[in-house]
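Take a look at the structures listed below.
The same subunit A turns up in both complexes below, where it pairs with subunit B and then with subunit C.
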Partner chain A sequence: MAQTVQATKNIKQFLGETGELSYFAGRFFKEFLKPPFELKELLRQCYQLGNRSLVLVLFTGFIIGLVLTLQSRPTLIQFGAVSMMPNMVGISIVREIGPVITALICAGRIASGIGAELGSMRVTEQIDAMEVSGTNPFKYLVVTRILAATLMLPILVVFGDLVALYGSALVENLKGNVSFQLYFNTVFDALSYGDLVPATIKSFFFGFVIGLVGCFKGYYSKKGTAGVGIAANTAVVVASLLVFLVDFIAVFVSDIFYEL
Partner chain B sequence: MAKTTLENLKLGIFVILGTVLLLVAAYLIGNRQNMFGETIPISAVFKNANGLQNGNNVRFSGINVGTVNKIEMVNDTTIRVHMIIAEKMQQHIKKDAVAMIGSDGLVGSMLINIVPGKGNVTTIGPGDELRSLSKVATQDMLSTLNVTNENAALLTEDLLKVSRSLTTGNGTLGLLLNDTEMADNLRQTLINLKNTSEQANAAILELNEIVRKVNFEESTAGILLNDSVSALKMRNIITHLETSSIAIESTAKNLNAVVAEIQQGDGAINTLITDTVLASQLKNTMRNVDQGVERFNENMEALKHNFLTRGYFKKQEKEREKEERKAQKERQ
Partner chain C sequence: MEPTENIAVQTASVDQKKVVIDIRGLRKSFGENHVLNGFNMRLYEGENLVVMGKSGSGKSVMIKCLVGLMQPDSGYIEVLGKEIKTLDRETLDVLRSDIGFLFQGSALYDSMTVRENLEFPLRRHKEKIGQTGSTESRVLEALENVGLAHTVDLMPEELSGGMKRRIALARTIILKPKIILYDEPTSGLDPITSKEIIELMRSIQKKYRTSALIITHDVDCARVVSERMILLVDGTNYAEGTYLQLSSSEDPKVEAFFKK
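This part shows the complex of A and B:
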């Protein structure tokens, strides 16, 4: 009985939180379209979220490309299809691995950062102070961050993809004597707009989801200083889960528009 | 303020670089699909598309020259494949070129191969339809392989029977493989053959030596082989022999005819040969003649001793002796 009550409570909490998140997203679009636009803060956030995440994304992308090629190589050799490596790795990275890995890295770094920052601001009543002083905290803090995350993630994905392909090409060059020119020619031969466009579009959604969840968790953090940690933690978890959910929806939708 | 400017600069570089990379990637992908260059549309009709899709490559002599634009089902046995070809390649593709559906490697994606024609015809133009050649589909190949496999199974079954017969020693071949006595005989035969061949070789060498030693220039054989005058004489002799043989033949024919006439006719010779009464009469006559001659000799002997004729016989004997002496002297 107690379990049922707890389950009901959890479901209610989940549904309530989903509703709040939806309302939060709706408010974002409302505030986003309404002037004045906090351009300076937006640029600052773009720098914080984009440039500061670049090294992490490049490093991760390079390792992913390297490892993916090294792991696939024996199997492809077994099937006598090692020449298909650039096609396989290129399509995998551009279509799926690049955007998802970059999004997960950003979920870990950006969502937690935003959650912790806004959470601490909430706990220390800085947000309340902004409201009192007549500044719209939602517009200044939330809209800029969500927008910055939405705009920066696709660019990070491009860098991540490029470096991952470079890592893969490096392995092929060292192990299979495949020149970089041949490797990238084969990759671009294999790729089509059906791979690039959906991946780029879904990257915007990944960025939006990461920024939204980070801001939501931080903006509504409770329970004092402990709430800051909880906000940062749940922001990462929920953002990562939503990244996969958005990925699934994106694949489902792109399947309708492009023959994958 | 300076910090913000530097941050904005870095952000600007980051965004511009990211956007440029994205655009370059998009351009490269589009360029591979002939989206940006000048292109011309052409088409080809096939019976089976073999899994060809929009966007698949079109190759001319192994070079990517375009992409498949649209695949249209005209009727239940006709599929029209529309392609776009780079305009710069138009000058190389002639109207008698043949389009074939193939695959990029064994497991690669499908593509259209345009094989150059042979004739001196004009180049293709926009909207032209290329001739097509349907290659054997994978399914057909598998069906053929299936038949081959069945045949191979039958063959191996037969081979198994043969090998069993061989191992058990049945049949001539089995006996050959298993019978040790026959093997010994064969070995001995081979040794004999070897000896014989060695001897034959030696004999041939000897013959060669003999032939080498023959004086072809002065011997009869040499004259026969080398002297043209003798050859001419020989030819004349042979011609004469031929003529003689013809004459002999005709003579033999005549003799045959004479003999036949003798046998068949009523002449004296035939009567002599065939009439037995005449033969007995002739025998009697001959006997009488013998007796008469005998008696005549007796009479002549009596005449030699008669005093009237004795002188004549003596005179004849003397003359004969005289002639003999004269002949002896002449010989000496």
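This part shows the complex of A and C:
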């Protein structure tokens, strides 16, 4: 009985939070279209969010490229298909691994950063102070951050992909004597618009959900320093889960288009 | 002592002045916690009114309802002749430019310099500065009023608690408001800095001829700045009068506030 009550409570809480997050997203679109536009703050956020994650994305991308190639090499050699390495690595990185890994890094870095920053501003009444001064804090703080995350994520994905491919090319160059030019030519020959377009589109959605969840958790952070920690923590967890959900939907939708 | 018997203690001179804030029958609850139970208050032009109450007595909730940061459950709030509940966002923002709000924890924007903190309220109310000079001169004038012109390029983290409160006071007066709301202006400060803040409050009121509503539980602050006081007990007006009247009261609940 107690378990049923607890389960009902959890379901209610989940549905309630989903509704609030949807309302928050709706408010974003409503405020986003209304002037005044906070361009200066948007550019500052783009720089902050991009700059904050770039090194981590590059480092991780490079390692992923190296490891993927090193791990796949023996199997491809066994099947006499090592020449397919650039095609395989290129397609898997551009279509799936690059966007998802970059999004997960950004979920950890950006969503937690935004959640903690806005949560701290809420607790110290800075958001109230903005409201009282006649500035719409939702527009100034939330709209700019969600937009910045949405715009910066695809750019970070491009950097991450290129460095991952470079890592892969380095292994091939050292182990298989494949020149960098040949490696990259083979990769770009193997890639089509059908690989690039869905990956780019889903990167925008990844950025959107990361910014949205970070802002939502921070903006409605409960009072107290513990609330700031919880906001940052749950922002990472929810944003990561939503990245996988968006990825599943994106793959499902793009699969339908391939079949048509 | 019955609360209703004490509400009417007002001086004849105050009655003849213009009312700038009128609160009637204000109620606000958080679940089962009834914070405000029919609070009434009038602030007159040029007056310094102190509202005293224990922690959690609803003082801060009342002041937040006053500027539209919280929605009351019921009751009537009129500020400068406008009923808060009926105002749209634009009109409320314009009205807010006539209300300064000093937050309990200063609420300086910690990602901005002192200059940017002071410029922030001006960005949405350019028409106000247009009449009396540039943004730069407004910022410097406000900082000179609190004796901190040299801190203009510092970050809030480089300031002491007292300096932060003075900068927050400078930000409060930058739009030359008609009413200033002080939420625990001396809380968390040492006695000497508290005295400095109280002196600044007095000099600012003298210079700009503002009306002030001061929420505090600091008896020394109340003694120095108040012209009239309201004691808030159990969410309603328990006693009202001048400092002398209340401090000499024999009612145990009133006495409790003034015991050292």
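Convention: the second predicted complex is superposed on the first by the 257 of 260 C-alpha atoms of A that agree within 3 Å, B and C clash if a C-alpha of one lies under 4 Å from a C-alpha of the other, contacts with A are read in each partner's own complex, and residues count from 1 in each chain.
The definition used in the following text is that a residue touches a chain if its C-beta (ideal position, glycine included) is under 8 Å from a C-beta of that chain, and two chains touch if they have at least 3 such contacts.
Here the structure is a predicted model, which is why all the values come from computation and not from measurement.
*Asks:* Go through the superposed model and pick first if A:Asn173 touches only subunit B, second if only subunit C, both, or neither.
*Replies:* neither
*Asks:* Which of the two, subunit B or subunit C, is in touch with more residues of subunit A?
*Replies:* Subunit A has more residues touched by B than by the other partner.
*Asks:* What is the contact status of A:Asn233 with respect to subunit B (first) and subunit C (second): first, second, both, or neither?
*Replies:* Neither partner.
*Asks:* Output the subunit A positions appearing in both contact lists, the one against subunit B and the one against subunit C.
*Replies:* none
*Asks:* Using the touch rule from the top, collect the residues of subunit A that touch subunit B in their complex.
*Replies:* 40, 43-44, 46-47, 50-51, 54, 81, 83-84, 154-156, 158-159, 162, 188-189, 191-193, 195-196, 200, 259
*Asks:* Under the stated contact criterion, what part of subunit B meets subunit A in this complex?
*Replies:* Interface residues on the subunit B side: 4, 7-8, 10-11, 14-15, 17-19, 21-22, 25-26, 28-30, 32-33, 53, 55, 57, 64, 105, 107-108.
*Asks:* Which bits of subunit A are touching subunit C when the two form their complex?
*Replies:* Spelled out, the residues of subunit A in touch with subunit C are 117, 121, 124-126, 128-136.
*Asks:* With touch defined as at the start, can you tell me which subunit C residues reach subunit A in the complex?
*Replies:* Within the complex, subunit C touches subunit A at residues 64, 67, 69, 89, 93-94, 96-97, 99, 101, 103-105, 107-111, 120-121, 123-125, 171, 175.
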